[in-house]
Structure formats: C-alpha cells, structure tokens
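A quick write-up on the structure given underneath.
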C-alpha cells in the first residue's frame, strides 16, 4: 500500500513532534504508510522526519491541507517542511558536457518511469546530444561556453532554467565549474556526480589521480553542489574493485558504470523527498 | 541522543496507530529518538513499527508503563508488542559444534560491549571450547550427542536453557539438526547461521555444493530456525567473490569471514528489537 | 603495452607446456604482455592458459603463425586452442524478447567501443526494438514465436545466424526456452543472463520467487546456455541488497541494474577470450 | 595440485623472459601450477611475474636451485627476484598499541593455519595484550613509549626484531608514528592498516574525519609503510556502507570489521609472495 502524499520535516527536536504530525494526519483522514525519523546527538538537537501517507479522494484539497498543516503543526514547531503529492513531479533539468553515459542513464530510467520527474529539458555546452535527447521528446538547448564567456553563458542557462521553472538541476557530468552565484539560485537543489570517492581525488581528472595513487577501489559520489568545489553534502557513494591491470582508460570506462548508478539513485531519492540536508551532511530516509 | 527504551509493534493496519503510540509516549514524558514504520501491501494489511525513545528518571516505573501501554494502546489495536529498556539485556545462550569461528566472534564482540546481551553460557556437543569460553567468564556445558541419543541430549539442553531462563538461542555453527519439538520451545527466538546464500545450497556441506556448481560468489545466511530445515525467515545475508582458483578448502576458509559477520549482525539486530517476523519473511528496522 | 594477439589453451596438464608456448612465441618475435595460467586439482589434471602478446608488423602473417603453432605446439600437447588477433572481432548476434534494458546496455557499450564485438544484428520475437536497434545502424529481425511454432521459429533464427556467420549469441533477456538442438549449434557460445543468483530461483519469475522467500540480496547470473535450463557453466554473478520495503516490482526494477552489468561483463570477457569451460564450471582469466 | 615453491620476479621488460624462466623450471623438473604475469605500459616497461610450481623430492636441493637460477636466468635478465618454498614461512612480528581487534584477528587466523607465517612475537607500547598473546604460545614484549623516549623505544624494538630475525613487520593498529630511519630497516616489509579509505582521511582520527565530512562509505587500507605517513603503496582496501544513523562511535565499531579483514588479506598475500611493489603502487597476483 503506497502512499499518495508525503511530508519531509526538519526542526529543532522537542517532545511531541511525532504525536502532533501523526495526530494531524489521522484527524484529516490520512493513513501513514511509511515513517522514518531521526534525531541527532543532543548538543545539536535536530529532528528529521519523512512520512508517506495515503489520503483518499484528494479530500481535503491539497492547498487547503497545506494551509492547515502550516497553522496547526509547522509554525508551532518552527519546522522547515514540504508536503507533496506523488502526482506532483518535480520539474527537473539536466546539464551535461561531452560524456553522455550519465545523461543516457537518466533519460532511459525516466522513460521507464523509474524516475518520478517532470523532465523539462537538457542544456549542454556541446551540440552532441541533440539527437538522443530529442528522440526522448525533450528540448535540447546548446549554450556554448566560449573563452571568457562564462558569465554570459551562466546568465543564459539561468534564464532557461527560469523559463522551465525547474525545481531541480542535475549535473550529469557537466564539466565546467559553475560560479557560486549560479549555485546560490538553487540551494540544495543542484545534484552533481563526481567521478571519485570524495573527499579523495576532488578536482580535475580523478581517475588519473586514482591511478597515480594506486588505489584498489574507485568510486563515484553524488552530492549537492555548494559554492566550494566538490565539497557539498554527500548524498550517495559507491565503489568498485580495480587492480594493477587497469590503466587510466580502463578506470574511466569501469567508473562510468558506478557514476551512472550512483547519480540515478541520488536523483531518485531527491525526487521522492527522501533527503534532508543537515549542515554539510545528509539524512537519507527509507532506501 | 540515544533512547533508553523501545517498542516493537506488529498489528493489522488501520488509521491512527502512529498517532496513538506517539501520543501515549508524549503523555508519559517519552521523547522519540528513532522511529521506523512499515506497512505491507493492502491485501495483507500488516503494520510494523519500532520506536526508540528516551524517558527520564525511570519515572513512571517500567512495569507500570507496560501496564498502561497495554490498556490504552496495545489492546484496543490488537497489537503483538514488546516494550523493553536498554538496561534489560536479553538472556542469550550459544550452541556450537566443532567449528569455533562464529563462537569466538560472538564472544569477542560481547566482551567489547558490541552485543547488548546477557550471555548465560555455551552448550556444545564437543568438549573442545571449554577453555576459551571459561576464559570469557562463562559456563560451558558439554552435552554429547551419542548415537540414537538425540532425544535425551535435546532434553538435557532444554533443561539447561530453562535453568538459564534464556530469551534467545544462537546456533553458532551447531551442526546437528534440532527436532521440531525442540525448536517449538523458542519460536522466532533461535537464530541459525547457514553457510550458504539460501535458498541455494541448503542442507549438508554447502561449500562443496557451491564448488560443484561453479558459482562465482559464496555467501552466508542468518535466519530464524523453524521446523523445516534451512527454510526459516531470513534475517541477513552476505556474499563474497570467489574464483576458479578456490577449491573447497579455500571456500570454507573464505566463507568463515562472511559467516562471522552475518551472524553477529543478525544477533545484534535481534538483541536491539529491530526484527519483526512477517510470515516467512522479516522486517528489519533501522540498520 | 597491450598485446595485439592472444592464445587461449586447454589441455591435460604435464610439465613443459608454458615453456613450449612461451618458447614458440619468443622464436616468432612475440612479446608476452599478460599471461594467466591455472591447473586444477591433481586427479583431474586440466591445464588452462591465456597469453596476450604483441607481435610486430603482422610478420609472420596470421594464418601462417596459426599453422606453425598447431604443428609445433598444439598437436604435440593435444591442446584445445584458439589464437586470435585483437583486430578480429567476434561476429555477435543478440536475441531479445520484450525487456530492453540488457539490449540497450550492450548497444551503448558497443557504441562506446567498450565491447570489442562485430555486432551482426538483433533477433526478437517482438517488433518493439526496431527503432533503437536500427538507430545504432544494425539490422533488426523480427521472428514471431507463434503458438506451436517454436520449431519453425528456431529454424528461421538458425538460418539468420548462419547468414550472419555468428561466433557468439547473446540472450539479452530472451524469454523463450530454446530447444537442446538449437543450443547444440553453438556449444559454449550462447551467453544467457538469468535474473537470479543461480542456483537459487531457476526457472520462471525469479524476482517473485525471491520476494516469496524473503531474501535480503537479489542477483543475476551470466552463464553459457546448455540443454538443461539455467544449469550451464556460470561466467559471472553479482548481487545487490534489498529489504522488506521492496515489493516484486521494486525487485524487478533494482535487478535490472545488476542484470545489465553482469551480462555486459560476461560478454566482454568472452569477446576477449578470457573464459575457458571446464566441465560445468568456467575459468575466467585476468579480470 | 598446489605448488610447493614459487618465484616472484621484477625486471625490465624484454622478449623471452617467460620462455627463459619456464624453460629453466622444466629443465630442473619443476611443473608450473599457477603463473601470473603483468607488464606495465610501454614507457615504463616493467615486467612482473609470479610462478608457483611443484618440484618433486626437493631434488635438486633448494640452495643449489637458487644458485642455478641466479646464474642462468636472474643475472642475464637483471631481475629482482625471490625463490621460496612453501615450507619456509616468513618470520613475522606484530606491533600493536591499545586496540586489540586486528591483533586477535591475525592470531586467530594464524592458529587456524590460515596465515602461513612463522610468528616470532608481539611488541606493544601497552602491557594489555600479554595474556591473550601468551595464550597463543607467543612471546609478548612490552616496550613503553615514554615522553621524549621515541628514539630509545625504537632502538629497543629494532633490537628485538633483529633478535627475532624477522622478515615481515605487521602494524596491527600500532598508533605511534615510526621514524623514517626505523622504516628504512624494513623496506616494503612493514604492512600497516590505516582505518580509512586512503588517500581520504590520512592522519589522526579518520572516523571522526569521515563523520564530519558525512561520507556514506567508510573503509580501511593496508599499505606498505614508507617514510611519508599514510602514503605508501596500497596493498588492499575495502569499504562498508554507513548512514546518518552512525555516530563516530558506531563508525569506529563498524570499521573494525573492515580493518580486520583487509589487514589479514594483505598479510596473507605478502606471506604468499603475491605482491610486487612498482613505484608507489603494488601488483597483487592471483587473489
């Protein structure tokens, strides 16, 4: 029995929060189908909760339920919160440079309904991916990044994202460094895939760094982009075993598989409201 | 902020259960520190929940809190439930045959306070492990299993377990098949480690079976013992990669590592009230 | 320094084989770049070896080198052997039913030059995949499998495979059971992906079987097809962790990722002459 | 059929090495049971090989075989090499500080004959482990590390290691930094376990660093100690998945399991002559 709505809540811990939220849902005819809750250590005292619930008939109407929840529960407890219905898919844009593996993985999963997103389109600094993207019925916007033209290119991208009214931006191997001011437009709403097990091998060419260091595992990290490069809150990571037989080209090839699956998982979790950001860390529920 | 008490609840799903439980805890001064809840598909309609909470001063007293919970919440909702305090460790006995690796792993973790158990003693059909067991300050009971003497041996074991008033029996590579009537004394309270990835290679000598079949991964399975051999509810499983280089002796050796870690995890989860049994499956919370 | 040729050898073990092969290669100007050798237990006494080597200028010519090797080394030692050059890609056909994930994974990897195959085309009992397959520049052959028409359909497929002169057939989620006589045409040259961790859950609907049994890991197995269903030599296997939260549909979805990567690995290893079959097991070199 | 002797060879690549070595072994009555060979990229041109072989009757005698090999093969090709017999176990000492988990893991495995070492004894800067170590029949040497007394303590340790004539030193969570001059006595013969996935979290308290960074996997790294802290050639690494639920104490506890298994594997591989050092990387054969 899957829910058709969910709440994601962050606030300062104090007694009675679960009782207030679950009491509210019971009163308005909601039946909880999945609940996860986490409280951090005492001196920080943060409370996180995700509740999936089923509410019949869309009675009460969504906007009214949100108003009531704000007044009765969220404001008294000082919550950061969002209430969403599974029919409301987040508007999502993908940014990509030349490598197409992460892009194709996302498009393919989306076409199988494995990613509950409303994809708005793909932006790239390369013209290469127009055909497959349009083949999936999506707009493709080529915004070249000329020498010295980063500011203009970012302005064009921001305008496009605004036109698309996006809720989420996915950097599917977008190889240009975005400016802090760009990133500030989408706090905790830009997901990047970095092709190493962060914090090892931040920055450029991580597979070469991994080869030079002689590691026996390589990995990938999905994280929210922040103004500091490769240092934002980690959402998910994974690794695979490599050996002395793998040169840099092999590491790149084998790493693509990990990048694809880690990014797809992280994007899905965000789309399902499973991730709460806590300082520079994440709480990931129910996975 | 860790809780000092927890509830593990199974019942038929209906609206209002979370509200009732969390409302009860708030009313009696408990603060929820971790909550996991799961509802199965609609036509089965089972509800499972684990709540860890902190309640100050041991006020109200434990037995009174249990009485109140039974009357106010558990009985109205028809719950299977248990409320336990983290200071109440489950009384646990270990049964073992000749291989000592799983036994030593459990004793060693217990001595580091990684297993919150009150170990009552070790029973074996072999005399071999007396010295290490007594070295950990535990009683060792050698009950030989002579030809045709299974019934007598099981009776002696049951008497010993009753004397020790055990809550949990761990089969740490106990190689004799226990009778259904023995197992019926401890329903969902006997944890066995089987040295294969069940349901593959049930029965005798699973590493030889794995070698003969030429699999590329070997595994171990911790499960609750039921009257049907190697068919009870699975608690945890894990695997490691093997190759054509590994003969049966190598598989056995490499498998010991997986057996040890899978069994230790499963026992710990049981001791922390993280496992609910649902038909022939388990719900494992918060791991 | 990668080799441009390789030998894969199976024979009865006796002293001097490595010396004979490496002596031959040195004499003809080859430099060994990678060598793996394996000898089974004494009472079976089988010898397996893969040698990758670099030979300059294609001097001596390939067919002459093969003739010399046969006379000087292979026949005296009674070897099963193949000598191939990395420029000779194996002619490979893909058979697929409705699910497209394994097919697309292979096509993507092939288009990125990660699979050193000469793809000849795709055969399906469904019309669905024509567009993507032809988009990759490959012929698509729809051979429907009508009620009672298995014999005719298999005859048509065999004729197509002969026309294409295929060396390898990949069953990328081909859901019909092929007859022993079909399989006999391509001994150790048909690779199937089964969507479970064999020998667990052979046969139909393995994800439902896995759900019913309540396992905590699900897997996939790539194996050579033999006349006995799901019982041929295992090439590779892998698993992922699942939980009580995953219903059958989730297991299917999550399993697709494992199926894709396990099949792609197994096909690549075959294409690179890394796999020797030993009874119902495989020796897999240098992975 | 396992070999009773093995060769581990490093030299500059050139044609004919495998032929020379295998020809030599055939001539002296050896039968190769396992051979692994690796050549690095062309501009480095390094050649690595491990050969396990069976030679009957210890005829010719070991020292004579070594002399012949040096003259006929090793010197002409300018090899770094070692020829050892499986009956010659490497003399191995363990250094440990307060945490006992890695120490006990090695002792258990050694007592089960899983580690083919001749353990000479244990040195610690703490008195705590005397009883278990002596229980395994091994000498325990307590060398306290007083304020400012590092030089004297290292001198005492070196003298003890010389007395024991050790071939290999294992740092099983030895928490003091050894001086470059100490390490220089045992080049590529000191194995350390670091409790992180290097190069992430080098230095002190890696689990706290991992917690602060919010990573989703924690790991351990076995490497040869060099004069630069935590920067020597990596032998093996592994990771486990963690979550927001794990505080620093949990990470430490869960990490111990990975540390134990990674260190035990690395030590075993060294004892079996499977590891060649290539600059700051390792070639690990046949695992």
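Note that the chains take the letters A, B, C and D in the order they are written out, and that residue 1 is the start of every chain.
We adopt the following convention: a contact is a pair of C-beta atoms (placed from the backbone, for glycine too) under 8 Å apart; a residue touches a chain by one contact, two chains touch by 3 or more.
Computed from a predicted model, the values in this text were never measured in an experiment.
A.B. asks: For the two copies subunit C and subunit B, is the contact made of the same residues on each side, with over half of the numbers shared, or of different residues?
C.D. replies: same
A.B. asks: What's the chain with its C-alpha centre farthest out from subunit D?
C.D. replies: Following the centroid criterion, the farthest chain would be A.
A.B. asks: So the centre of each chain is just the mean of its C-alpha atoms; given that, what is the distance between subunit A and subunit B in Å?
C.D. replies: That gives a centre separation of 36 Å.
A.B. asks: Per the centroid of Cα atoms for each chain, what is the distance between subunit B and subunit C, given in Å?
C.D. replies: Measuring from centre to centre gives 42 Å for this pair.
A.B. asks: Counting only residues that touch at least two other chains, what does the list for subunit B look like?
C.D. replies: If we look for residues of subunit B contacting two or more partner chains, we find 34, 38, 41, 245.
A.B. asks: Enumerate the contact residues on subunit D facing subunit C in the complex.
C.D. replies: Checking each residue of subunit D against subunit C gives 1, 13-19, 22-23, 25-26, 29-42, 45, 49.
A.B. asks: Which residues of subunit A touch subunit C in their complex?
C.D. replies: Contacts found on subunit A: 34, 101, 104, 108, 112, 114, 135, 245, 253, 257, 261, 286.
A.B. asks: Can you name the residues of subunit D that touch subunit A in the complex?
C.D. replies: 38, 41, 197-201, 212-217, 219, 233-239, 243-245, 247, 278-284
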